[in-house]
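There are two complexes below, and they share subunit A, which is joined by subunit B in the first and by subunit C in the second.
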Partner chain A sequence: MIPDPVTYAASALSGPLLLVLAAFACLLLPLFFRQLRGTQGIMALGAVLIAIIFLRRAPSAELSLFSGALLLSPLSAYLWAFTLGVLTLVILLSVSRPAAPEESQGEFYFLLFMAAIGLMVLVAAGDLFTAFIALELLSLPVYALAGIRRSKPGLEAAYKYFMLGAFGSGMTVMGIAILNALYPALTFAALKVGPAQPLALAGFLLVISGFAFKTALVPFHMWVPDAYEGAPTQVSAFMAAAVKTGGVIVLWRLFSLFDGGPIREIFWWLAVITAVSANLMALAQKGLKRLLAYSSVAHAGYIAVAFFGGRQGFEAVLYYLPVYAMATIGAFSVALLLEKDEKGPLIEDLAGLAKSRPWLAGAMSAFMFSLAGVPPLAGFFAKFYAFAGAVNSGYTSLVIIAILMSAVSIYYYLKVTVVMYMKPAANGHPAEPPGIMEAVIFLLAAGVLLAGVFSRPLLILAAEASLWF
Partner chain B sequence: MSAYSLAAISFVLFSLAAAGFLTCGSLVRMLMFLELMLNAANIALVALGSGTVSQAYAVMLFAIAAAEAGVGLALIIALASVFKTLEAENIRELKG
Partner chain C sequence: MEFITNPLSLLIILPAASGLALLAVPPGKEGALKGLALAAALLTFLVSLKLYAGFDPAQAAMQFQLDKPWLPSFGINYFLGIDGISLLMIMLTALLMPVAVLASFSYIKESRRAYYATLMFLEASMIGVFAALDLFVFYMFWEGMLIPMYFLIGIWGGPRRIYAALKFFIYTMAGSVLMLVAILWVVSAQHAATGAWTFSLPALYGGALTAQAQLWLFAAFALAFAVKVPLFPFHTWLPDAHVEAPTAGSVLLAGVLLKMGVYGYLRLAVPLFPDAARVFAPWLAGLGVVGIIYGSLVAWSQRDMKKMVAYSSVAHLGTVMLGIMAFEPAAVAGAVLQMVNHGLSTGALFLLVGVLYERRHTRMIDDYGGLAKVMPGFAAVFMIVTLSSVGMPGLNGFIGEALVLFGAFRVYPWLAGAAVAGVILSAVYMLGMYQQVIFGPLRHTENKVLPDLSAREWLYLAPILVFIVLIGVWPNPFLKRAMPAVNSYIALSRQQPAPTVPEVKFSLGGKEQE
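So, the complex of A and B:
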């Protein structure tokens, strides 16, 4: 049964509110009750599972709350489910391998929850200013999370991410100030009038570059490799899956304000430059986390290609995001499982994995093939739909470049697999009894396979959500 | 002073701050330039915007700028105690 709008809004909003409560509970309760120390991860996991229970099938309508600041629709329900899923996975990873030192456990989950709430608000934001505040709520905790170990690589990652991210925020604020002067309101519906004057164009450019920093489109990607490499691997997984999603959704909203003109042209160039340079730079990488960082930039480029497909493209983006998230979180989990220091394993360290831990190697190959886009894994269908939409809208040259670069990317994804299966191990991998980590990895590997072979349910959900944009 | 000259001041301030951010090498100075960028944008918001909504936006931006300064200073203190330097070129653990 589909509930009436008011009941739905009440139950939908209790999800994020519950996460706020849980965040403070994780931060404060262990300070007062000594016996709760060390259980923050379990508390966080419980809270997320309860928040998932509050997810409801949304009524087919768009509810505008707080005078248009929040829009609840099947789209927001879809993306909130996605956010909670990513959050659950990251919490599971951090329960099994704590990312933060003992005394910072509470802060870690507090910051993680705050970032997740920021993402939930960001994807439901109905106006540009709310989107900006939500973006800050998403990024500020992640800056701190990257450096939570207070170690050299982590802090360097955090400061690089912070400086460039805050620079992007500054540009966004200036753009918002300009647009605020030129338009009667900052809601996305009111901005749709189109830029009549060059000043409005400047405003949009500033806002778009600010959000492109978060989505990691080239040339706004400089922070990505260092931030992903130095941050704790659980946090890198969160950055790749969640922070990127927030940027993508807002960029999509901005992109669809225009039917043509210079902004579309700029997006065209952003997509091309991102797809080409990220894949070329990824070829030379030796570290697994750095490789995944460049892969994340490249996938942002493919998503930008999908923007050109209109509604069909948006449907593809909504399918792409969970598929990419599963593969990249899975690959980061394997990196986490094998890492000996904070920078994560080198690709060569995976040598001989197929012999010592064949199942793990199989799962890792599934993630790599999905990222590369090999059928029948989900990554192939995601790319196929993303590119098909753009071809149908007549952007064939763009798609040809993207497909060529995606063929280049097969080289470096395959390199990981080849190392695992063909190279003898230099020093053997210690066999550990399987735990939560292995469960997460196999779950994700199964997800990557099933979302490809049986893609219909997810596609139907994505199609339904894309109507409410 | 008219709203337009205020806006002109804010644009100049913003460009100077952005240029300063991109050219200086010390983390503390970079953080100061970041704050300057946000405040310049705030001036533009109040000078050009009409109605009370823009002013409400400006007040919310104070809070955001403060939060950003908080996180930035915390990072800088942690960096100073671990790396013993605050020059960006000396903090090079990661490749690239």
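So, the complex of A and C:
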């Protein structure tokens, strides 16, 4: 039951187009209308909510636009909805506690929208070149966002992120150039049937490294801790949830081009090295944002394990992403709520939180247990699905390594709860009247509490989306 | 609707819902909080009585079944059902919970709301473990149980509570994660053989697995359960957790949590992988006996009463392991009964130590002596419980221990012989402690004014005493209900492997085809 393609394309594309419009409105309108200054956040929120209202369940068909550059399908619809959700949360956080100085508010929302549009194009990209342009559209605004405060830690984060990111982009372009010379077309479909030759392998390796940068797989993760720590926490949350998703989807597309061979082996090793080293490095962290940064690297490793599960694994990835995003954004929100300087609170600054703000501590524990993958929280279900596919495809040893490392991760997630519940308060957390941020946190906590036990609706959507790959 | 009308499901939902309700009690309403917590625990116990009344002792099949699709794409069902063994465990849990709540009234002074809610969540997950017939549901409750117990030890525990809580959580979790991989493996092997996804235990029993695969899978399950039992040498978390936990935490830890490990062998590890179980059984029984001797010797050398009781648990659970690994009706039945007995007597011992601790804030044996003069009621109760723990004829401990030893002697004569030594040792240290604490002169002036058991303390000790005596003189109703389950466990452990061999790939590299 495919509807009229023009109507479908128009309605599907209205979302990103609306965001473009809103981006420019946030940037330009306040310049001309003085009284609109300071309301950019509200405008942005309104725009994204309208985009969400117009979300429709995509028809079960794939529509290829712009000669295959953009593929509209339930998969893209699913990921676009996810992007809008993340965007809404980040905007809510930025409205309640501005990430950018007064005079840069417009730029902040402009850049945020541009990055979101970049992500939307990236996940729907039908060929490598579109994916690269989308990747740049996603990355460049985020570099700027990381340093939008123009403060020292922010600039350091932006600089490091930019330098390494540009390096990654350079590798991607190089790889695409090689592939372009070898294959008749750069669409993923054309790449799959192409000839296998050493030069193509080199091209793929370069492209994969570039996207592994965005996904933050070890050893391409070096920028993560500094960037997450120095960037405004709202931006860190966006990086952890959204930027990673873009990398994951493209990596999955590249991964599934191969039925075996060296690329799969490389992914195997990437997953193992990421899961092992990220968890070990996280053990020593003192800052909450750095801890979450390493945790996000570790989760990229678990997602890479899920790749090996075939279509079942991809379904798991699609479930994993929102569940992980909820817990991570939630944890970053708590960090934001408690932060006194830009680098965010240390873990020990959370001491006594259970006494002074028990509900907040409860929500934070839910995020931590979910990230650690303890039932009945959603994170457990996500890991379960991710690993189930891989075991079913015969990659038991990979899963054993990943699951043992996830047992190691328990230690640093528990450390946060230990500090909150079992250490006396060092400096009190004055109870503030609850605001938007608390609402976001409790919404997300409810999400990680319920999305596991009641994972059926989300799983059905994910399964449907995974068919259109 | 069936989620509420099915008593098993109700037994999980009721405590969980009461836990949430307790969190909503406004701060400051302490009386209401305690009343509500006790009412919830008692109500749960009443529901469990309904379970007992409706249970058909002649049937070997799972009763009170509830099977609802939960995550159909993975073949995961909310599948509950019990046999005699799970019935006894659920009854024990439901009985110990009101006791634990009552025992906490004066002991817990901080964040009471969260405390009672945590107890309720703990009860829901413990009952869930015993009621689950779906591997996924089982694992979820099994792991989910860690969160409330972790907070119970970590927030309301003793001075080294953080260390103990972390050790408990990480030890148990690390032991269990490989079981998750094994579960996934079993399910995918079953899928390869039959083409259907299922996590249902009865459907997976007798599955066609190669002997080699069974060994690995059994090892993964056995490790998870060995940590929980705890079998020597995986027991090191236990003394820390027991000593640091608040009294109610210790009671539930010893009374119920340790049983979950044994239950895991009975319900999962052995029936799922009978070939491997037969290979491992003598070793596990041997470790059980090592645990008896080692636990007893270490307990003997303790000066801290709580530590002594904790190590005595290692010894008692060693006896239980010896029983279930003998695959002999008397031994297994005795082990099941001994699981209940240990829950009652060790639970009571922790309660009694807690009674003393609340009065004197010390658990050292040397700080007491001559309590018989000031606390005669306490001395009497302590006597009964101590004798029950050492296996005095006429009380519950004797029946279980004797059955285990008689049964195990036919299978492992040497091990059973060594286990008898442990029984003697337990009498030595338990009676030794009793004598030093209760008899002799009143050496410490502070002890001269100790009040005897209060009405509330009598109230929560009485039901345990009743069952200690009842099982001692009339164990039949309990054994009768457990027997069909015991026989089917033994039958499952003896089944021969099916000849078909589905192959699930196992590799160390990323080379194979999808």
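Here, the second predicted complex is superposed on the first by the 462 of 469 C-alpha atoms of A that agree within 3 Å, B and C clash if a C-alpha of one lies under 4 Å from a C-alpha of the other, contacts with A are read in each partner's own complex, and residues count from 1 in each chain.
Keep this in mind: contacts are C-beta pairs under 8 Å (C-beta built on N, C-alpha and C of every residue); 3 or more make two chains touch, one makes a residue touch a chain.
For clarity, every value in this text was computed on a predicted model and none was experimentally measured.
> Scan A:R456 for contacts with subunit B and subunit C and give back first, second, both or neither.
In the superposed model, A:R456 contacts subunit C only, not subunit B.
> In the superposed arrangement, does A:I400 touch subunit B (first), subunit C (second), both or neither?
The second partner, subunit C, only.
> Answer with first, second, both or neither: which of subunit B and subunit C does A:F308 touch in the superposed model?
The second partner, subunit C, only.
> Once the shared chain is lined up, is A:V142 touching subunit B (first), subunit C (second), both, or neither of them?
A:V142: touches no partner chain.
> Scan A:A177 for contacts with subunit B and subunit C and give back first, second, both or neither.
First partner only.
> I'd like to know which partner A:K152 touches here: subunit B for first, subunit C for second, both or neither.
The answer is first: A:K152 touches subunit B but not subunit C.
> Looking at the overlay, what does A:M163 touch: subunit B (first), subunit C (second), both, or neither?
After superposing on A, A:M163 lies in contact with subunit B but is clear of subunit C.
> Hey, is it subunit B or subunit C that touches more of subunit A?
Result: the larger residue contact count on subunit A belongs to C.
> For A:L444, decide between first (touching subunit B), second (touching subunit C), both and neither.
neither
> In the superposed arrangement, which partner chain does A:M368 touch: subunit B (first), subunit C (second), both, or neither?
Neither: A:M368 stays clear of subunit B and subunit C.
> Quick check on the complex: what are the subunit A residues that touch subunit B?
Per the stated touch rule, the residues are 129, 133, 136, 140, 143-144, 147, 150-153, 155-159, 162-163, 166-167, 169-171, 173-174, 176-178, 180-181, 225-226, 229-230, 287, 290, 343.
> Touching subunit C in the complex: which residues of subunit A?
259-260, 264-265, 267-269, 308, 310, 354-355, 358, 369, 374-376, 380, 384-385, 387-388, 391-400, 403-404, 406-407, 410-411, 414, 417-418, 421-423, 455-456, 459, 463
> For subunit C, which residues count as touching subunit A in their complex?
70-74, 111, 114, 136, 139-141, 143-144, 146-147, 150-151, 154-155, 161-162, 165-166, 169-170, 173-174, 177-178, 180-181, 184-185, 187-188, 191, 504-514
> Report the residues of subunit B in contact with subunit A in the complex, numbered from low to high.
7, 10, 14, 17-18, 21, 27, 30, 34, 37-38, 40-42, 44-45, 48-50, 54, 57, 60-61, 64, 67-68, 71-72, 74-76, 78-79, 82-83, 91-96
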